[in-house]
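What follows is a pair of complexes built around subunit A, which joins subunit B in one and subunit C in the other.
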Partner chain A sequence: MKKLMIWLWLLLSVLYSSNLESEIDRKIWKRIIFDLSLKEYRIYTIDRQLQDILCKIPGITLVKDCTQATLIIETRKTVVTDERCLEIPRLSNDYRLLVKNANEIGAFFWMKGRPTIILSKPRLERFGLKVDIELEDYLEDIE
Partner chain B sequence: MKRVLHAGLSFAVILGIFQPLWAEESIDDLLKSYRKEADLSKETKKENAGFVVVYTRDDLERMQVYRLSDLIKSMWFLHYDLNSFGMPDPMQQNPVFYSSDSIKIYVNDHEMTSDFSGSGLLFYGNIDMGMFDHAEIYYDSPVLDVATEPAIAVIKLYTKKPERENGGDLVLRLGDRGMQEASVSYAKIFDQWSWYAYAQESENYFRHDQHLGYDISKDYRQQHLFFNLEREDHRLELEYLNQSHDPFTAQSMAITPKGGYWRMPFYRASYSGEWAEKSLHTDISYIHSSIEMDMRSKSLFWGQLYSPFAPTGDPANPTDPDNPFNPGSWIPGPDGNHHFRFEGSGDIFTAKIYHDRVWGKHQLRFGAEYRYKSSEVDEMRFNHVRNANDEASFNIGSFYLQDQISVRDNSMLSLSFKYNYYDLNRRYDGDSYDDSLDTWQGRVAYSFIDDRWHYKVFLTHSELPTQLFELLLHDAQLDTQKYTSLSGEAKYVSDKDRFRLILSGSKAEDINIVDWSVTHGSRVDLVDIDLFNAVFEVVHNISENHRIDFNIHYSHMDKAFPNANENYVGGLVRLLDTFDRWDIFNEIVFKQKTHGLDAGWDYNAGIKYHATKDLTFSIKGVNIFGEAKETNYYTLEMQPGASTPLLGQIALPVVEKQVYFSLEWLF
Partner chain C sequence: MKVTRQFDLVLKIGITILTLLTVAMIYLYMQVDKVLASTRQEMIEMIINRYEMELKNASAMVVENTRPSLIERLSDSKGLRRDLQRSLSYFKTPEVEHLFVIYRDERGRLRYLLDGEREIEHQAMFMQRFEPVSDIWERTYETGKTQLYKHMKNGSLWVSIAIPIFENGRVAAVLGGDLSASIRTDVERKFTQIKSMMFTVAVIIALMLVFGYFQIYYYFKGRSKSFVDPLTGAYNRKFLYEVIANANYAEYQIIMYDVDHFKRVNDTFGHEVGDEVLKMLTQRIRKMLRKEDHLVRFGGEEFIVFLHTVNKKEATEVAERLKKSIETSPFVIGKNILSITISVGINNDAKEAHNIDDAIEVADEQLYCAKNAGRNRVCVNGVVVS
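On to the complex of A and B.
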């Protein structure tokens, strides 16, 4: 009977937790990040909202110093300007940052009234990074 | 048996654990879900402001809402009617020029209004919806948070945000009878600034009905421009709208129009700003609009029944020196047709400021508003008789206070009070008729949320003053119509369903009712009406891509009027489906039989095909079976030799059977 209760509890908790997964933006960031062929997922961001999203993703380590990061995520209001970190690949939620900054490898942002993802093929190659097959549709030749 | 049970449970748990891997959504699906989740209506919707119906961007797109009237026609409690010039007027009492003054319309933070009616629906009721992101309709006297002036319903439209558009959109549309429309928009974002620009032009053709051999047309042409410039917490909006309409019934007494037009150009400049960490809000808006009407009719126009255009003296004694017979405006032109010409213009300036402050469990809002409304008649002519230049203006000052008190974690008490002072300056035939009026609005609201159950109760009082245009043209007195209502809402929300029941009892005092059965011109009666309204609504999400909406609404008045039953029922059923690249929508809007009119079954359907991410083709049918409810229009025929004219009415279709083909390209 005890075993039965444990199984039932496990079953219910799994079902309940899957219902709670309504934070779609977290799912999207998770997929973008893990689809990049980084050796480690040590991420630096100073955006509070992104920190809250990323800290809940198992496998991602949020670092407090950008020099320790393998990936930087920035927003229009939280651009990382530390010169020591200029050569670290970056993602953003802003198309303008993608266009302006040659170290931005991609962005998840709104365009034409819908959320979209763009990844720069030449910049990924420059950093020696590849993407999973599911993101290949989002690759563009942005130099 | 135990083993089988354990094995089964183990399989179920493993299935559950690995379900995210097996049933993992594609990135495309996730992006689509994100678009729905991040709908801007979640930021703008004010649950405590009244009973709200939200049309998200996804709804508007899947329902193929091209005109605001596509939404107005399914509004609760109201018939869908057009005024005698062919504009949406849900509360119409033809041949009164416009009757829906208590339905207000807003674009973002600014009211669309004109000096010619108390409601912007007069010119915005058929507005193209291409530049709007989402729409909210508030019922039951929303105050303070939502509307500047008292209202029984408020339609709020929100424009597309530049940072979400960040690109272009081209729409080409063709409809039957030669209807055509094109719109283009573009949005761009810079470091600090972003802008959104929109331009639209359409020619709209409908079936021409015949009455006594005269052609009744409500065709219209429209040009619409909009520009929005934003920087952080500041937004500037510029808008131009011009509509040129055929005369429809032309307010011709026997409905015998003989051509003509009416135009209504409209200009708006508005600014919204937020300061001090968004605690201080300022809105400024300037509107200039004008009306030009030029129409001919075989029969008299309704306006010719009133002074100074009605005949004076005794026709039996035409040369009486004390009271000579003066047929005045009743002598038609050489072609045998009566001619009506009107030109007028007006300005509205609105400034609002309010401050939000949190004090313990109190969320306080203090605000003050000022509105200047002026209206001027440059020319009003029936045949050869022309009136003097009349003008009127309102200075309206208001202040308000709102306190939202968190009673417990899940309940809130909201108290609000608004005081308005109306200062009227009126020049009529060169003489001054100044006046002033105080009005107030008050509201006590209590809301309680318990997990899946939401409850709201509102007690509201509002006072709607006589509209400026009526004061100018009809020599009316400055007075108020008063509404007091007690309403409640119970809502059950689950992952897939939303059930909602709304009950509302109201007392409306000193309502202007025009009794056209008195055939020597209109008689405006002030009446008190007791009203009871109820709505039951169900939204069931069958799955992520399939949804069914259903509502039924019931209204009871303690009096019946020629165009309104004592009891009235309406409702709708709507299905929204997505299959891969196809969006399909079906909708039936039902309106009950009323005096002299059959029940209406307005069936609308549409299919959208997303050929690529950026290219969409669609087809939509409106009132496909031609069974939508019609509207009654009064006629008054002068009988030669008879002492009283003959009052009649004819029914005309107001929702046309129409098919549209559209192409949308995003660039």
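On to the complex of A and C.
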């Protein structure tokens, strides 16, 4: 019985912490996306988890074809390789992807249990995008 | 009622002891709880100190291998970075979740220099930005002292430790270590087990105390009942020999009375009427006695009054009053009106008796004296007084 209680408590803690993390994820993605000076917020992503998060944000339209998107969000496992979409700005949840791919304008990810936002200033300029003043602190000179 | 007062006293002592035990148990439980809380705190501090010392060793290792300039040497040599990261990874344990070295650039931003993470996909890149969730890193730069931060809302992290890495007397970088929340969970689990064990013991003791209360209550309740004659409500022989015999009966005047011709009542009106006579008689006699006097049914229709007084005259007066009251007020039982009389014998010198039986025997002799004198009499010291 005692063991069961401890396991239940651990399970609830894990569930609570994962819910908390997912809630923070939703808030941060919302912030980053709406603080970008996009004309429309038509987003393409093939990552299921991200789709679940983004569909809960009012004002965002998830599109099924990357050519219709104004922003692509990819992950390490779901990189969009369609050549027709190479000129669409991208965000990712991986720092290495941000460094490697020149079309990535920024990334949001968890590093050592800490939520991290990084935006590339030169790449944003290349896409003619600006960010809200509150996000300026996250701008980095990643070419 | 000196004797029953003794009972009350014993009962009160029993309940007081149990109450004291209960209070002591509650106090002890609270004290143990306090001790557990402080022990838990000490244990947590001890764990943090131990890891802090290990992380200091790791920082010393970094300093040792990056002389004379940490930033320059790490920037210049990818191989050195790789070697140091591997060495840092050896300091990692399931409890030390993250281990890294960061520095503050000229724009005041914190950046990773080294990361002890073994899996490359989770490893921070050189000069990757570090996002702090507390100000301990800045404080480490400012104070040059180790800083701690306890994560409150982070599911996996418990404590972050920031250890300054000095170079030429100033803080050049900070070694950071994140202790896993699993340590806290382990500690909590152990203390929860101890606490639940303590609680179980406390509940068992509490139940035993409650059981003790009931035992005392029912013991005295049952004991009180066992001293009372169920028919008349007067005390019985058990009370006489267990209570009065152990008290100082010399403080009493012993008045023994017997219903005259009681057999005739039974034979004429039946045993039910006979029983009713005894009941009514007892009620009447009790009304004429005080609280400190005792009325005992000695057997059949024989009763003894233990009159709490040393005044011999008073005993005679009470005996006469009792006899007269019974004689002058007939007993109305159903349709029957019965004239009842009693014969009374008094032992007004009980202190001379060796024991209660001797004292009663003297009273009994006086009762026979009254009977022999024609019944409905009071006899004391062989003399019929009324």
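Here is the rule we use: the second predicted complex is superposed on the first by the 118 of 143 C-alpha atoms of A that agree within 3 Å, B and C clash if a C-alpha of one lies under 4 Å from a C-alpha of the other, contacts with A are read in each partner's own complex, and residues count from 1 in each chain.
In this text, a residue touches a chain if its C-beta (ideal position, glycine included) is under 8 Å from a C-beta of that chain, and two chains touch if they have at least 3 such contacts.
Predicted model, so just to flag it, every value in this text is computed and none were measured.
Of the two partner chains placed by the overlay, only subunit C lies in contact with A:118; subunit B stays clear of it. By the touch criterion stated above, A:140 is placed in contact with subunit C alone, subunit B being left untouched. Of the two partners subunit B and subunit C, it is B that touches the larger number of subunit A residues. Contacts of A:99 after superposition: subunit C is touched, whereas subunit B is not reached.
Shared-chain residue A:28: touches subunit B; no touch with subunit C.
Of the two partner chains placed around the shared chain by superposition, neither subunit B nor subunit C is touched by A:81. In the superposition on chain A, the residues of subunit A contacting both subunit B and subunit C are 10, 14, 18, 21, 95-96, 111-117. On the subunit B side of its complex with subunit A, the touching residues are 5-6, 9-10, 12-13, 16-17, 19-20, 25-27, 30-31, 33-35, 37-38, 57, 160, 163-169, 189-191, 495, 614, 666-667. Across the interface of their complex, subunit C is touched by residues 2, 6, 10, 13-14, 16-18, 20-21, 76, 95-96, 99, 111-118, 140 of subunit A. Subunit C contributes residues 97-98, 100, 121, 124-125, 128-133, 151, 153-157, 178, 185, 189, 192-193, 196 to its touches with subunit A in the complex.
On subunit A, the positions that touch subunit B within their shared complex are 3-4, 7-8, 10-11, 14-15, 18-19, 21-22, 24-25, 27-28, 31, 95-96, 109-117, 134-135, 138.
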